[in-house]
Structures are given as C-alpha cells and as structure tokens.
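Every chain is named by a letter (A, B, C and D) in the order it is written, and numbering of its residues begins at 1.
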Amino acid sequence: MNKKIKKIFQSNEPYIFLIIILLGIVVQIRSGQFFTANNIVDLLSAMIVPGLFAIAEFMALIAGGIDVSFPALASLSAYATTKLLLDKNYEGNVLLAFVIAIAIGAVLGAVNGYFIGYLNLNAMIVTLGSASIFQGIMQGTLRANQLSVIPSGMKSFGTAAFLTATNKTNGLTSILPYTFIILVLVCAVMHFVLHYTIFGRGIYAIGGNPLSAHTAGFNVKRTKFIMYIMIGMIASASGICRVCMMQQMHPTNMLGMEMNIIAGVVLGGVALTGGAGTLTGCILGTFLIILVQNSMILLGIPTTWSDVFVGLVIVIGVSLTAWQSNRTSKSKKKSVKEGA
Amino acid sequence: MNKIKSIYKKNEEVTRLLIIMAFWLIFMAFTQAKKFYTGMNFLTMAGQFPEYGLMALGGMLCMITGGIDLSVVGAANMTSILTVFTLTRFFGADGTMPLAFSVVIFIIAIVVGIIVGSLNAFLISRLGVPPILATLGVNELLTGLCVVMTNGSAISSFPKQYCDFFSGNLLGFIPRRLLVFIIVAIIIWFMLEHCTYGTKLRLYGTNAHVAKFSGINTTKLLFRTYITSSICAALGGLMMLATYSSARADYGTNYTMQSILLVVLGGVSPNGGKGKISGVITAIVLLKMIESGINRFRSVSTYYVTLIWGAVLILALVIDYVSQKPKHAK
Amino acid sequence: MSQCLLKAEHIKISFGNVHALRDVSLEILPGEIHCLAGENGCGKSTIIKIISGVYQRDGGTIEFNGQKIDKISPIDAINLGIQVIYQDFALFPNLTVAENLALNTELASRKKTVSWKNVRKIAEEAVSKINFQVDLDQKVQELTVAQKQMVAISRALMSNAKLIIMDEPTTALTKKEVSALFKIILKLKEQGIAILFISHKLDEVFEISDRFTIFRDGQMVATGSTKELDDKKFTYYMTGREFSDKIFVPENLSDKPVFELRNLTLDGAFSDINLSLRRGEILGITGLLDSGRTELGLSMFGLKPADSGQIMKEGKEIRLTNPREAIANSIGYVPEDRLSEGLFLTQSIGDNIIISEIDKLKKKNGQFDLKKRDEEVEKWVKELEIKTNNPNNAATTLSGGNQQRIVLAKWLACNLDVLILNGPTVGVDIGSKHDIHMVLQRLANQGLGIIIISDDLPEVIQNCSRVLVIKNGKIKSEYDTQNVSEQMIIDDMM
Amino acid sequence: SEPDITSDDAIKKAADEGWEIAVVPKDSTNPWFVRMDTGVKEVADKAGVNCYQIDTGTIDATKQAQLVEDLIAQGVDAICVVPVDMESMDSTLKKAKDAGIVVITHEGADLTNVDYDIEAFSNEGYGAFIMQNLAEAMGEEGLYTTMVASLTNGSHNEWADAAVEYQKEHYPNMTLLEENPRVESDDNGDTAYNVAKELIKTYPDLKGIMGTSSFDAPGVARAIQELGLVDKFFTSGTGMPADNAELLKSGVIKSLTLWDPAKSGEAMVDLACKVLAGEEIGAPVNLNVDGYTEMTFREGSETVLEGQGWITIDADNVDDFGF
C-alpha cells in the first residue's frame, strides 16, 4: 500500500493537482469567487476546446512525435464545413457538421500521417510544413473570411445548456454547453483506446522504442498513420465545438494556440521524448494553463502584467516538474539499489 | 561526374535549395521579369531578411544541440525597447545622438543577449527543463516585461541617428543591415567550422549523455549556445529598430515560427547533431525571394506564400527521402 | 535433408554499399541446439532479422517446417513459431514488465483489445517458467541489464515456438544466470524446440551446442557437428588467423602508486573501498552485476561523485565531481555500454576519436587545428587498426569490435595516466578481443595504470596482475592472479 | 445629388493612364477589410482604375511594412495603407515618398510621411461617440471599463482614452473601474467573452464595457446573454451590421458604431488619383463618396482630412446597410 502511495507521488499529476488547488485557494482569498458553481462551470467550458486539442497532442507526444499543425488543421476543416453548410442553407442538426468536419480532419490528418508514418519523416518538420499548407489553403484557396452567421443547428448546439450553474449570492448564471460532453466522451474513448486496445498500447510501445515495436510485430507505419488521422479528427471536432460555442467562425483565431497546448501537456508530465505520460496528467496540465489564463482578473493582476504572470507560471511550473522528475528518477535508481 | 556527385552528397541541403531557387528564378524571369529583376527589388530584399535572418542563425545553433529557441522575438523587442529608453535617457526625446554612441547600442544588445541566453541555458542545463518550454516561458516573460515597460504602446520619439544610419545603404547599394548580417554569419561560420565549438555542438546534439561521458563541459556549451542565439536575436531586434524607427512589445511575433521554418528548411535536424550554416543562409534567401516574388502577382493571394513555404519544407524532406531511400527502412 | 526445420540458402542482403550478407546458408534441425558464431559484423544479427521478418532479403530462399517462405512480417514469423531474443532485447522501457512479457502473445493472438487480467496471467506464467523473480509492475527502464535480459528470455519462451533464436543472450548475465539459462535451453530441447544460439564465448558454444555454423564477412565458412570442433579450429574459422593468448606480466611497474582510493563510499552503492594502482599495472575488479562495481567505476571518473573518502592521484588528494576533472587528472573511462554511453553513433569516426582531447587540438589563437586533428585521427585509426576506409564515415558503419576500438582510441588520445575500463570486451568477438587485450597489455608496459572492471574471469585472470572481488559494495577479497582459480573468485563473488 | 465616384475627372484620368494603386489593409479575414475590398473592387470595376487590395494575412506590423517595401520596389504609383502600427509604418512610408510614390493613409493621423491621411472622423471624436452610445445604454451612471484588442494596439487605445476623457467631462455619475481600467481581447471573440465573464464575477458593481475592436462588443454580449444580464449589463463598440444584427435585435447590445470601410477604400483610391493627377487639394475636398464629400483639414494639420463618416447602428436600422 505504502509502495503504491510512493509511486503516485513519483509522478507529476499530484503536484499539478496541488498547484491547481493552491492557485484556486489564492483566487478564492483574493476574490471570494473561485469555489462557486458558476466559476467552476466557466472554467470547464473554457477548457473544452483546449482540452480536446490537448488530447490530440497527447497522442502525438506519447508516440514520440509532435504535432504543431492542429490549430491550422482544425481551422481549415471547421471553416470548410461551416462555409459549406451555409452555402447549402443547411438548417438541420449539428451532427452533419461534425461528420463533415471529422471527415475533412481525417483526410488532413492522413496527409500528416502519410509523411510521418509511411515515409518516416520528422514529425516536427512535417507538421510545421503542413500547418503552413493548411493555412494557405484556407486563406488562399478558400479565401476564408470571418463567418459571423453560422447554421442554426450549430448555433443552438453551442448555446444549449447541458448544465446551468447559478451563483446564489450574486445571481450570476453560467452554462456548460453540450460540447462539454464531447470533451468527456473523447476523454473516455481515448482512455479506452490507449489502455485497452492493442492499437493504443502500440502508440505507447512506439514511443518507448519504435524498433522494438517493429520487431515485436506492431505495424508501426500504419499505427502512426491511423494515429495522425485520429488527431486530425479530434482537432476538427474541437474546431466545430469552438465555432458552435462562439457562434461565429474566425479562420485565424485558433492559430498560435499550439505552443501553449504543448506547454500544458508537458506540464502534466508527458515526456517530449515519447512513451511516458498519462491522460490525467495531460488534462490537469492543460487545466492549469486555462486556469491561469482565466483567473488573471479574479487574482487582481493588472492587464499590463498578465503576460509576465503567464510566463512566470510556465517557467516556474515546468522547472518544478523537471526538477521533480529528475529527483524521482534518481531516487528510483537508489531504491533499485537498496532492493538488490 | 563523380566529383559533382560527391559535391552534391556533401552539400545536399544547399544543393537541394539552390535547385528550387533556380527554378523559381527562371519562373520569375518568364512571368515577372520587369518587376522582379530590378536593382531596387534585390536591394529591398537584402534589407529585409537580416532582422529575422539573424534570429534564424542563432536558432540554428540551438537546434543543432537538439533544442529550440522560441524566445528570439522577446529578446529582440526587449533589446530595442531598452535601447530606446537608453537613448531618451541620455539625449532626450528630441536630442541628437552622436553616431559613435551606436557602440553602446550594440553593447546593450550583447548584454540583453547574455542575460536572456543565460536564463534559457540555466533552465535547460541546470533544471532540466525541455528547451521548447523553457524558451516559450522566457519569451512570454520578456514580452510581458516589454508591455509593462512601454504600457504596450510603440515608442517612436527618440534620437533617430542610429536608425537613419543603419537603415541606409553603404555606397548607396549595400544595406548596412545586410553587412551586420554578413558579419554575424561569418562569426558563426567560423565558430562552427574553425573552432572546437562546432564539433562539440554537433556531438552534443547527437547524444548529450555520451557528451557528458566524454568530458565535454555540457553546461558551458549550452550557455554559450543559447547566449549566442539570444545575442543574434538581440541584434535582429536592433535591425528591426533601424528599419521601423520605433520599438514596441509585439513587433515581429511571426518571426518565431518563421525562423524555425528557415532553420529546418536549411537542413538542420530538429533532433540535433546535424546542420550547416550554408543551408540556413540559402533557405533565408530562397524564402525571401519566394515571398517577394509572390507579392509581384497581384492576382495570387499572398496567402499562397504560406502555402508555398509549407510545401517547400515538406518537398525538401521528400527529396531527401527519395534520394537516399534506405532499402530496408522500417 | 528435407527434415530440416529451417533451411536458408544463398541469402543475400545489402545496406546501401554494405554487403552484409553475400551468400550464406543455414540449416537447423528440429530440436537441436545450433550455435552461430563469427566476428563482429559478419552478419549474424542480420540473418536473424531476415528470418524473423524484420529485414527483407535481396536474394536466396528460406524454408521453414517444409514450407517455403517468401515475404514475411515479424508477426507472421511469430505465428509460424519463430521467436527471437534480440541482441538489444527489443523491450519497451516505458512499459511495465508484465506488459512487455504479454505484448507479443497478445499481438500474436490478433485480438484488438487488451485484457489486463490476461496480461498479468501471461506474465506470471512467463516468469514462473524460468523461476525469475521480478516486480511485474515495475517499468522496464528501472531494471538492471541482467533483469532486462531475463525479461526478454521469458518473453520468448511464452509462445509455442518451434525455433527460438537467441542473439548473444549471455553478454549481460553472470555465471549463475548463464547456467540457469542453459538448464532452460536443455529443457526446451527436450520438448523438441530447436534453439539457434549466438555467442562469442567459446566455452559456452562447446558446452551447449550440438551443431555449429560459422560466418565470416557475410559468408558461411563452416558448419558441422560441435564434437568435431576444437578451440583452435573454431578461432581459425572465425578469424582466419591463429593466435595464442598471452598472460600479462607487468614489465614496468612504478614504485609509487599513481592512483589510490581510501575508504571511498557512495551511499547505496559501495562503501570503504581501498585500492592502489601503480603505473604499469593492470588491476582487475570483479563482482556480480549490482555488486557496486559499475558505480565504483563511475565514481572514479567523477560521474557519480563519492559521498566520502579520498581519491589520490600520485600521492595528492584530488576531487572528482565531474568527468572533466577526471580528464584533467589524466583519468579516462571506457563505459559499460558503448552504444549509449561511449559513442556518438551517427557522427564520424574521427570526431568520436578526438572529442575528449579536443581542447588540446587548438592553435595558439584558439582556433581548431584541423590539420592536427586529421593527423591524430589517422594516427589512432592506424595504431588500433580500426577497419575503415574513411574516418569521416559515421561510427555506425563499424561493427562492435571496431566501435570498441574507437572508444579506446578516444581515451588513449588523451594521454592518460590511468584508464578504467568497464566490460571492455563485452560482445566483442575473439579476434577483436585478443587485439584489445594486446593493446591494453602494451599500454600498461608503456607505463599506463589500468583498471579492468569485468566479470569475464578468464579475461581478468589473463590480463590483470591483481584482482579485487567486490560483493555487496565492499571489497571481499584480493588475489594475485598467478595463484588464483576461477572457482575461488566465483565463490567469493556469490 | 448622389456622389458618384466615376464622375470624378481624376478617376477618369487614372483609368486612362493605367496608374497602379495598391491598397494595403491590416489583414483581410476581418470582415472589416473584406468590406473595404468591396469598395476598392468597385472602383476598379466601375471606373476601370488599376487598383487592388493586397495584404499579409495576419495582423503584423513588420509583415505589413515588408509588404509595403515590396510594393515600393515594384514601383507602384500610389500606396494606400491602413497601418497596423503607426510608428513602424512611418519610416517605411518615407521610402515610398522618397521614391516619388503617392501615399494615402486611413486611420493614420499621426503619420508624417504621407501625402494625405483620410479620417472618417477623428480618433477623439470616435471614442467620444462610442462613449455616448454606452452612456445612453447605461443610463449615464455606473461603473464601466474599457476593452481593447491589445495594449499594443494604437488606435484602440486612443479611442479608449478619448472615451474615458469624454466620460469624465460629460457623465459625472459614471466611473471607470480603477483596478482594471483596460482589458485585452486579443482580437478574439472567445477571449472577450471569457474576460467579460471574469470581470463580471470579480466586480459585482460593474455595469458596462466599452469595446473597441469589432470582436469586443459581440464577445461581451455573449457573456451578457449567458449570464442572464440583459438590460443589467451593457456594452457598446465597433461592429459590422450584418454580423451583429441578431445581437442588436435581441436587445443584448443597444447600439454599435462604425463607418463603412468600403467607402473609406473608395475615398482613398479617389484621393490617390487626385494627387496623381496633380489636382490642387484644398478644403473642402470632395471625394465623391458618401460621407467624404466635404472633407476638411484637421486643425493645425496639412495632411489629415476629416469626413463625416461614422454611423450608429441599432435594432431599427441594422438591416438597411446591405453589408
């Protein structure tokens, strides 16, 4: 039992969790508004889009790769979908939007997957390049402009409340849109895929040692290929969620999110070298970043200082996690010794 | 024939890019000869790339170690803002600055570079933070500080003698900024090819663990690398200051990704251990030509610049893949 | 011979310009223990990878169990009944022991999902087969090399294999574990499973195998029954030359010790180590894996600074907190695992050789003296007979023995007083091993103090003048090698 | 009579001579500049002037400056710019002037290296105008704060400053939120929405947010709607009619202000033609474009021309604009 607890504290998640709680307490003390139902709901709804992106990135990192193209990919597929539905005067259910966007996302992801999986090219370079290409297609070929009106099905889906939280003292009411269910669903599915399917274990195996994975009989190329397709699909679903929630489509709004998402995932203990990390850590790390970005005013940090604050949190956060993982890897070695 | 082959083999990255460049130049000659092949155009291009070219040169060193520097733009803006503050402090907002004072300006850049680079290197080598995160955080921090110092607005009233001089041309046709770029490029080339630093850098990038076992002072190496990168970025900031005669916290935010793109296109492996300055310089020039060329086509949206950059990047990799396809690759 | 289990004929493969296999044939009978031997880089691992579907051959035919095999993937091979324990184990460091053990079985079953209960069951069954004690929930990266090897072996024994191939399975094992492994192999043989066994160690080959095949330079040079083979013939087939081993006799001992340890202690690794080394002497340190011998080596090189005690160099106390200080004191260290600790694999042979002395290759103005660099590289390539036509080629282009010479050259170039070698000939073939031993003996006689950390007892006895036996982090005993037997040392080690 | 740009002599001459006139907006995904492009295209199509809009795709001062440099090198006859950043653009425009290129700007009153700058209004006037709208919605009392795309955005901050100034003079019962007088939306509706929610939570007394960028007021409105604060919390700012029709009609936003970017585009091209044709530019200038028919020089300036271009949109007139 003791060993189990020790093991838990050798990982990153409890520390990130502690930081989140601590920060929450500080916000609570400063504003009295942290542990209120509506604030929690606000944070959760701010988490939806980044959370989905983080899960997609998480897979890429676990397999020892990286993806910096997902914002461009999501923008392109979400834009194309919304535009298409608008042009066809589509009035129906949001489902079709998801189906189309996910299909486009799968195709775009397959492009990444082909180069990274089958041609075995460097993931960073490929996705850097494909991000430019996706953006170019969106703005050049499709001549993307902001779409201020979106199909009614998407709009009602984005504004419908799955959960409504009212703050009794000030009467403020926040809603958690149905898109949150998508986040939970994707989370659950990914947990299942990564833990209970051979494909998912293959992703971990490839991240640990691609050559061994090959010799053990995994189809490394195909696994990577399918994985990048899945990343494309999740990112696109996220793009549609965002459009629905914002009730407008802005083609370049999401670009540039990739670095903060990667920072969040790594903060949660996912190794950039591949193979190591948990979905819980990934979600916690991302949540920490979201929390920081969305608590600046509650904390009373002046707008001028906000970038400094975010920078400090990232620097201190990753320093702590790096220090802590160095420490545990050392102590692990020692305990092996003592055991022998 | 064999000789040509071996030269190609030795300089694959450069040759590859030169071939693409040749095709582009021919294409431009057929389509936009009058607008593209003008002295003015080449002069403009030569004046434009030093600011981010410098950032790419420094970023290249970091990438050879297997790291990355995302703090270049922060360092650049911090430098130009500090410079402007210093100038107003010494000479007043409308004073005149003796040109010799430029030396002080360059010293400011070097000091900023040393501080920022040391911070990056400290986080990476001492605390073991992954470079991508360390430099990302530092960049955010620097940008934040710039906003705090300037309140976010641009500063443009300060003595402009430095700007006038460095935005001008030597002998009327050599942009002085280009000279700065060339000097820095030569220094870095010398460091890589004629100092032990280059060998250590490549070997460290191949395997940091073995480097430690071999007695390389890895901490010192990282400090040197990230400091050089930040100094290059700071000089890039000075070039921006010269061009735009003003300083602001968010100038050139696109240059972070752009400089990485250039470095990678120049044949530097993001995994480290491989990279030549010739490749990066060719990439810088090539991309400038493509961008400038596309701006000549009114009917072609400038968005295609992004598209073409991405395509060129992947194309370069694919050419690589096809030309040395290992038969039994897994 | 239609009753062959495996019949590979005229196999060819090349990697770029390297003709790894020119034309080799290999026949394995059902239920036999077959030994494949040959110098480093002769193509042993390569033919295995062809048989197991990792590489696709350029030419030749393979028949398994009477069935012609054209193009197979690793998973097909497993399903046919071919299991391989690869030289680098092919394990997943980030996964638990249980999962490593069960993955192959799960994969082979072509199921799409993982049942963790099942994984555990498979894993427990696997370790119980060879009575291997290990925490199944531990990550493989936290295991020692020997434990990893055992995991790899257990894994291979899992499926209903008809042929188990072991690529140098004993390199990281101690005597005790080797004899346990041999018992398993014999048991497998009784069950009618054929074993293809690769080893550089003569005694092992003679002890275990029924028949043998020897490769040289990508070609088959001999095959037959092991009974008809003797030491001399074996070495001759492998290397194409004959040599006799020379017992080391120090010729040039200094009076004063060049290097001493006094009560050196590193918590959790070793304690109160005292030793003294004179110039011209080769000192052996031996002990079981995890006896603290590797940590001692690292401490003497500053990689794991000791917690207490003194290190003396030529009578003066020195502090070693990082490798640079060790190098500054003319101490060098050849690490245990040359691939992950000793070599920049993708960099040139030349750079690998000069990297540690690089700061001495500067001109007066601080510039890198490229001419001197090339001279150094040339000198060491020649001196250690590194087989390469161009030192600008990457280190990967060399085989194990030659790679080990690069590591040696790197340190010799530093003009050392003391050289510490940890497992200097692990996985190195007889020819190269002999050459490396001769180099070490010559260097000692030129006045270098050498410490060899090794559990290859013949190597220690033959090359060292004294040997220290370490057990549980303490020096158990010290012997003059002239009057010690292997058995005495083994008794102390256990 | 209706102003008709094709009746302008200079425009006719420009069409005959084939003068090349490039219009450089901040970016073009923003509906604002898409609308501007319609204006520019209209001049090109109707009057046959060789004018076009060209841009960099992202809002970035350095990229915009490099694009202008490229145009200079290419030797266009006139450049019309809506600068991302005044200060950095100024030194680039000097090169254009030195090369003899006609330079017309819009929203760039502080630029010195220009022939003329066209303002649909003055920054002070526009800021005050937004404040009037906000004050009206808030009933001229209560706590408010201001929102800009970023602290580094020049014109937004000027409008906000002017608005605060105007409030101090005219609405004594309104107060600026001292702790957070200015927040950022990153030109991103989602950020505006989240920031607004956070502000409302933190400062229960807050009653209004003055937006500047076209993402601000719609983003804040989303928060108002969700939190159930319609008619309790107010916002006002810039916005395009079509994009905000629903918000206006549902009453979440009472009014928005803007000027028609298409008209500014046409006006810039027309003025460029006039300068190229060598016409004397003396007040009042008639650019034959709605709202720009009687332009006068700003006090104390010889380059800044001010028109009467701004419009208020509300639930009643929002459908009348056709864009």
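Assume contacts are C-beta pairs under 8 Å (C-beta built on N, C-alpha and C of every residue); 3 or more make two chains touch, one makes a residue touch a chain.
Which protein is which chain? UniProt says A, B = ABC transporter permease.
Worth saying up front: this structure is predicted, and the values here are computed from it rather than measured.
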| item | value |
| --- | --- |
| Partner chains that subunit C and subunit D have in common | A, B |
| Far-end chain from subunit A (ABC transporter permease), centres as C-alpha averages | C |
| Top chain pair, ranked by how many C-beta pairs fall in contact | A-B |
| Centre-to-centre distance between subunit C and subunit B (ABC transporter permease) (centres being mean Cα positions), rounded to whole Å | 44 |
| Inter-chain centre distance, subunit A (ABC transporter permease) versus subunit B (ABC transporter permease) - centres from mean C-alpha coordinates, in Å | 30 |
| Whole-Å gap between the CA centroids of subunit B (ABC transporter permease) and subunit D | 34 |
| Junction residues of subunit D, two or more chains touched | 57-58, 151 |
| Shared interface positions of subunit C, touching two or more other chains | 54 |
| Residues of subunit A (ABC transporter permease) touching at least two other chains | 135, 139, 211, 214, 304, 306 |
| Pairs of chains in contact (touch as defined earlier), listed by label | A-B, A-C, A-D, B-C, B-D |
| Subunit B (ABC transporter permease) - residues contacting subunit D, complex | 35, 38, 40-41, 43-45, 47-48, 51, 147, 151-156, 163, 167, 240, 243-246, 248-255, 291-292, 295-296, 298, 302-303, 305-306 |
| Complex contact set, residues of subunit C against subunit B (ABC transporter permease) | 13-16, 54-56, 303, 323-324, 326-327, 333, 335, 340-347, 351-352, 354-356, 358-359, 361-362, 366-368, 370, 410 |
| Interface residues, subunit B (ABC transporter permease) side, partner subunit A (ABC transporter permease) - complex | 70, 123, 127-130, 132-134, 136-145, 147-148, 151-152, 257, 260-261, 264, 269-271, 301, 303-314, 317-318, 321, 329-330 |
| Subunit C - residues contacting subunit A (ABC transporter permease), complex | 49, 52, 54, 73-75, 78, 84, 86, 88-95, 99, 103-104, 106-108, 111-116, 142-144, 268-269, 290 |
| Touching residues (chain side subunit A (ABC transporter permease), partner subunit B (ABC transporter permease)) in the complex | 115, 119-122, 124-126, 128-140, 143, 210-211, 214, 220, 259, 262-263, 266-267, 272, 304-312, 314-315, 318-319, 322-323, 325-326 |
